[in-house]
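Note that subunit A is present in both complexes that follow, paired respectively with subunit B and with subunit C.
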Partner chain A sequence: MSSALTARLRRVRVGTACRIILVLILAVLPLYLDNALLQTGLFSMAAVVGAIGLTILTGAAGQLSLAHAFFLAVGAYSYSYYAGVKDPSGASKAHGLGMPPVLAMILAVATAGVVGLLFSPIAGRLRGIYLGVASLSLVFIGSFIYENARGLTGGFNGRPATEFDLFGFHFGQDNPPLTVLNVVFGRFERLWYLFLALAVLAYIFGVNVLRGRMGRAMQTMRDSEVAAATMGVDIRRTKAGVFALSSMYAGLAGVMVALAFTRVTPDYFILPLSISYLAMVVIGGLGSVGGAALGAVFVTALPTLLSRYSGSLPFVAEPASGGYDAGKISAALFGVAIVFIVIFEPGGLSALGTRITRRFRRSKTEGPATEPKRAMPRSGTVTRTQEDPV
Partner chain B sequence: MTRFIDLVLNGISLGSVYALIALGFVIVFKATEVVNFAQGSMLVLGGYVTTRAHDHMPFVPALLVGIAATAITALIIERVLIRNARGADVNALAILTIGIDILLITELTRRFGSDVLTIGDPWGNKLVHLGNLSLPQARLAAITVAVVLLTGFFAAFKYSSWGVAMRAGAEDNEAAALMGIRRGRVTATAWMVAGLLAAVAVVFLTAFPSPGLDTGAREIALRAFPAAILGGLDSTGGAVVGGLAIGLAEAMTAGYSVTFLGGSLADVIPYLVMLVILLVRPSGIFGTRELSRV
Partner chain C sequence: MTAGAPAQLKPASDVPTLVVDSVSVAFAGIKALSDVSFTVVPGSIHAIIGPNGAGKSTAFNVLSGIYRATSGAVRFGDDNLLGLRPHRIARLGVARAFQNIALSKGQTVAENLMLGRHALTRSGFLTSGLRLPSATREALVHGARIREIADFVGLGDKLAKPAGMLSYGDQKRVEVARALACEPRLLLLDEPVAGMNAEESTYMAALIAEVRRELGISILLVEHDMGLVMGISDRVTVLDFGRLIAEGTPAEVQDDPNVVRAYLGTGEDDNGERGR
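Entry: the complex of A and B
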């Protein structure tokens, strides 16, 4: 008993230590990376936040959603509306309220949550796959609004996103100037730390939500709505709540994307974006916060990295040459990855990770193995057990 | 009044194409509980093969080649992928088809480049004159072909042993299997029929007055999703009603140029109609309401 307890404690401590080391590594990276890689990192961290939101909704609560791109857009547009001002030259019709960026960010996240709640009369009542298809409609209705509500969105050309600042410290320009270890901290370095902080907060919050009362309620609801209702879980409220929570995550990711791009344009928030978020959470392992983060980095960084090193990779064709260029290779890879993961390893990267560490650990301590979470429940009587990787 | 009739005919023609695609969704869903997000790229695949085959042969054999290619691809997807994921839940299966869709469309996009292909249908830009009305021949052909295909399908669904097997399987899978129904065959045929419908539908989607075939046709398949959903995902009749409703709504809003915020509402009307219907009936108009007994 006590040996099991210490083994467990050790496991927790090892895990925490690994995570802290990872964050520390990420914190020193800006001292070494060039701007292009830093920008890839910024988009990856924005995707991490968005993917955590989607994995809570689709993985933990079992509600398939293709509307993630829409809620990212809600966050991005409302941030630039709250923080922005009307263009004095009159080139853009977009209005703005000129609020401080911090307030605008918080309000943008709240707005995304409220819009998610507004969808709850539909999201709370639909069962299973109907929600997936209904959520598709938000992406298309959204595109229509971005292009036509020019006062809010700036129309087809989009609108600029106000740079972020915190108590006089500007993240979009070198003011006040800052040099650390002979590295000048410009826009990318500054935003990197802001995004890293947001991503870590989003991660901790996500893990705690899933461990807490609401997380248990969602997972029970996913496995059986009847059982959950019998246990006193209000199904409609839980569905609406998790939808709003996931929208808020998407909203924050949207704000981060707006800050990294410095512009909000309608052509970014389209269906392929929703699908790549789905790819992230499936590749990472549905329902796993850490997996979602891994998947997000993988899906976001792969196309840029492939095209960056396309010269030295023989299988990458030149763009627009009719061959498989970096974008097409990564798209095809994501497709293959999704297919393989659903068929062979429904737990995705996170289950793969658990499997490897468990094998490593068992050979060392012979401790009792804990049953891994099933991310994609299989209906029917025969379930594939994920154990004994001999 | 002529304008109204003109728009109604347009709507019915568009709606019957939507109905064909939506029926593809419904058949696959009934047989395998899979919501097939790959239907859009199947559509593009059918059009692509037909066009390429048309370089070497007349249109009708070319279309048959296109249909065969799509049906076989659908069969392969069912046999190799869907079957191996049997027992996975509905969402996982839907995600699986999204993966397949990404793969197919990536390859097709590479082959298309920036081309817009003309599928080479025999109607071209000819018009039919009925009194004051003039209607593209292709539109009329769409209605005719859809009526023939749908009648054939419903007859088969009602009377043939395949139809009975399919309905029995959808009703109670295990009981059907115990009664000696070979599920494998039923589901395989269902996927092939969906492929066939996609390959036929794409002809009318890309015929005059549409500019031609590019990978954007996939998005049109997505507009048939609302048709399938609002009719009820497990109702074949619902797919037809849903298709016609969406087609008419789209033709009307486009024809009378109904605008909202200065944009044409026709772009999003299928989705708006679907959301309104789902608010009132969460399982669609004719869909089976799931009841749970404790």
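Entry: the complex of A and C
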């Protein structure tokens, strides 16, 4: 028993150490990367946050959603509405509330959550693929709103997103100036650290939720709704709650996208975005937070990396040359990756990772089996709580 | 939040009587149960038996809120269970072990058992996500109770294993343990020894008797294994084609001509061959 426990502790510690090293590597990267790569990194980290939200909903709770693009839009537009001000030149009709960006970010995430909850009469009653079809409608309703609610969204041309600042430290400009090891920390470097912090927090929160009480409830709900309900899980409430949580993740991802683009435009939040989020969580391994992060980086960074190195890679045409450019090739690669994963490794990148680490780890010795004891006290330890959870 | 604070559980003495009062269930005009009534005395082991299609599983699904009865009443103490959604019934202390194992096979045995604590705990997304002290304390307190229950059913050494990796017999025991983890006042066991070998089935029979002796809760049991039913039940209700055809002690039921006819047939319309 104790040997099994120490083995388990050691494994946890090794895993934690690997993750800390990864974060440290990510933390020094801005010293070496150019702006184009930094921008790819920013979009990747935004996608990491969004994909974690989707893998909790689709992977862990088994609820398909095609509305992720819509909730990214809710986050992005509400951030720029809360933090933005009316364009003095009058070029855009969009107005705003002029709040501090931190507050605007928090409120934007909350707004995405509230909009997700408004959908709960549907999200709480439908299962799996049926929710996927119903949620599709949100993407199209969204497109209509983005183009027509000009006061909020700026219409077809979108609206600028206010740069982020934290207690006078600006992330969108060189104010105050900052130089680390002879590298001038401009917009991309600053945003990199902000995004890294947000992605790490989103990761930790997601892992904790899945390990906790609601995580168990949603995974059992995915495996058998009847069993979960009979064990005391309020199915409708849990489904609605997971949907809202996933919307909040998407909302935060939307804020990050707005900050990275410095602009929110309607043509970004369309159905293919929802589909690429599904590709991320499938490639990463459904229900795995770490897998979703890997899948997000893979899907987001691959097209830019391919086009950047298109000159030196075979078969990759120059962008807009009419041949098979990076965009087309990476779309094909995602398709191939998904087919391979579904057939050979349904657990995705995360299961692949587990398999590799297991090969390196020596087989662990089993602790001695304990004799079954036959004495159960009349459970004097725990009280029955009356109120509903969540 | 006072989640997980140690306190007294309601003592087993408040196990209420379950009264099933002329319950009928119909699916698209087909009567699955008609006017079935029986009473489960607190602290007793009560079995429902009957040939295939007699309505035993339907009765269980009505009790746990999955099917709606078309008429009748089910009283558990002061509460009427009819019309309540399944999780409300669970919170009243009615737990169920499923016949066709309904565990989360990818989760560990411990996680499956912790699900049984769902109604007794209250951490939400925020408390677990931020690992607030209340969530940690809850996990500790309830984790300790889970180990007690696992030891009790003889699964103490398998807590860390994924449920799907266990043998069939062990998975059935996890089912029972998960239901026990709800701290039920009424335990519904749906064919607890179906598909088990003789050794596993003897163990399960001893376990069921032990649960009653240790916890003093009521146990309602659907089972085809007559040896088990007659050996441990206090009372037996016999259903056939959705109707109650006999009720009594195991000895009374075994000699009831209606029961013999239901199980073996009269033979009168079977080419003149006489039933026994």
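We take it that the second predicted complex is superposed on the first by the 358 of 390 C-alpha atoms of A that agree within 3 Å, B and C clash if a C-alpha of one lies under 4 Å from a C-alpha of the other, contacts with A are read in each partner's own complex, and residues count from 1 in each chain.
Note that in this section a contact is a pair of C-beta atoms (placed from the backbone, for glycine too) under 8 Å apart; a residue touches a chain by one contact, two chains touch by 3 or more.
If you're wondering where the values come from, they're calculated on a predicted model, not measured in any experiment.
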Which partner does A:Ile338 contact after superposing on A: first (subunit B), second (subunit C), both, neither? first
Taking the superposition on A as described, I'd like to know which of subunit B and subunit C A:Asp234 touches: first, second, both or neither. second
Quick check for you: in the superposed arrangement, does A:Lys328 touch first (subunit B), second (subunit C), both or neither? first
Applying the touch criterion given at the start, work out whether A:Asn208 contacts subunit B, subunit C, both or neither, answering first, second, both or neither. second
Is A:Ile275 touching the first partner subunit B, the second partner subunit C, both, or neither of them? first
Touching partner for A:Leu64 - first (subunit B), second (subunit C), both, neither: first
One more residue to check, A:Val226. First (subunit B), second (subunit C), both or neither? both
Figure out whether A:Ala73 sits in contact with subunit B (first) or subunit C (second), or with both, or with neither. neither
Which residues of subunit A are in contact with subunit B in one complex and with subunit C in the other? 226, 230, 376-380, 382-383
Under the definition above, what is the set of subunit A residues touching subunit B in their complex? 58, 62, 64, 121-122, 125-130, 132-134, 136-137, 140-141, 144-145, 147-150, 225-226, 230, 271, 275, 278-279, 282, 322-324, 328, 331-332, 334-339, 342-343, 346, 376-380, 382-383
Seen from subunit A, its contact residues with subunit C in the complex are 4, 8, 205-206, 208-209, 211-217, 219-220, 223-224, 226-235, 241, 245, 367, 369-370, 372-385, 387-390
Which of the residues in subunit B end up touching subunit A in this complex? 35, 81, 84-85, 87-96, 98-103, 106-107, 109-110, 113, 222, 225-226, 228-229, 233, 260-263, 267-268, 271-272, 274-275, 278-279, 282-284, 290, 292, 294
Using the touch definition from the top, list the residues of subunit C that touch subunit A in their complex. 2-12, 64-66, 85-87, 89-91, 93, 95-96, 98, 102-107, 111-112, 114-125, 127-131, 135, 138-139, 141-142, 144-145, 148-149, 151-157, 160, 178, 182-183, 210, 214-216
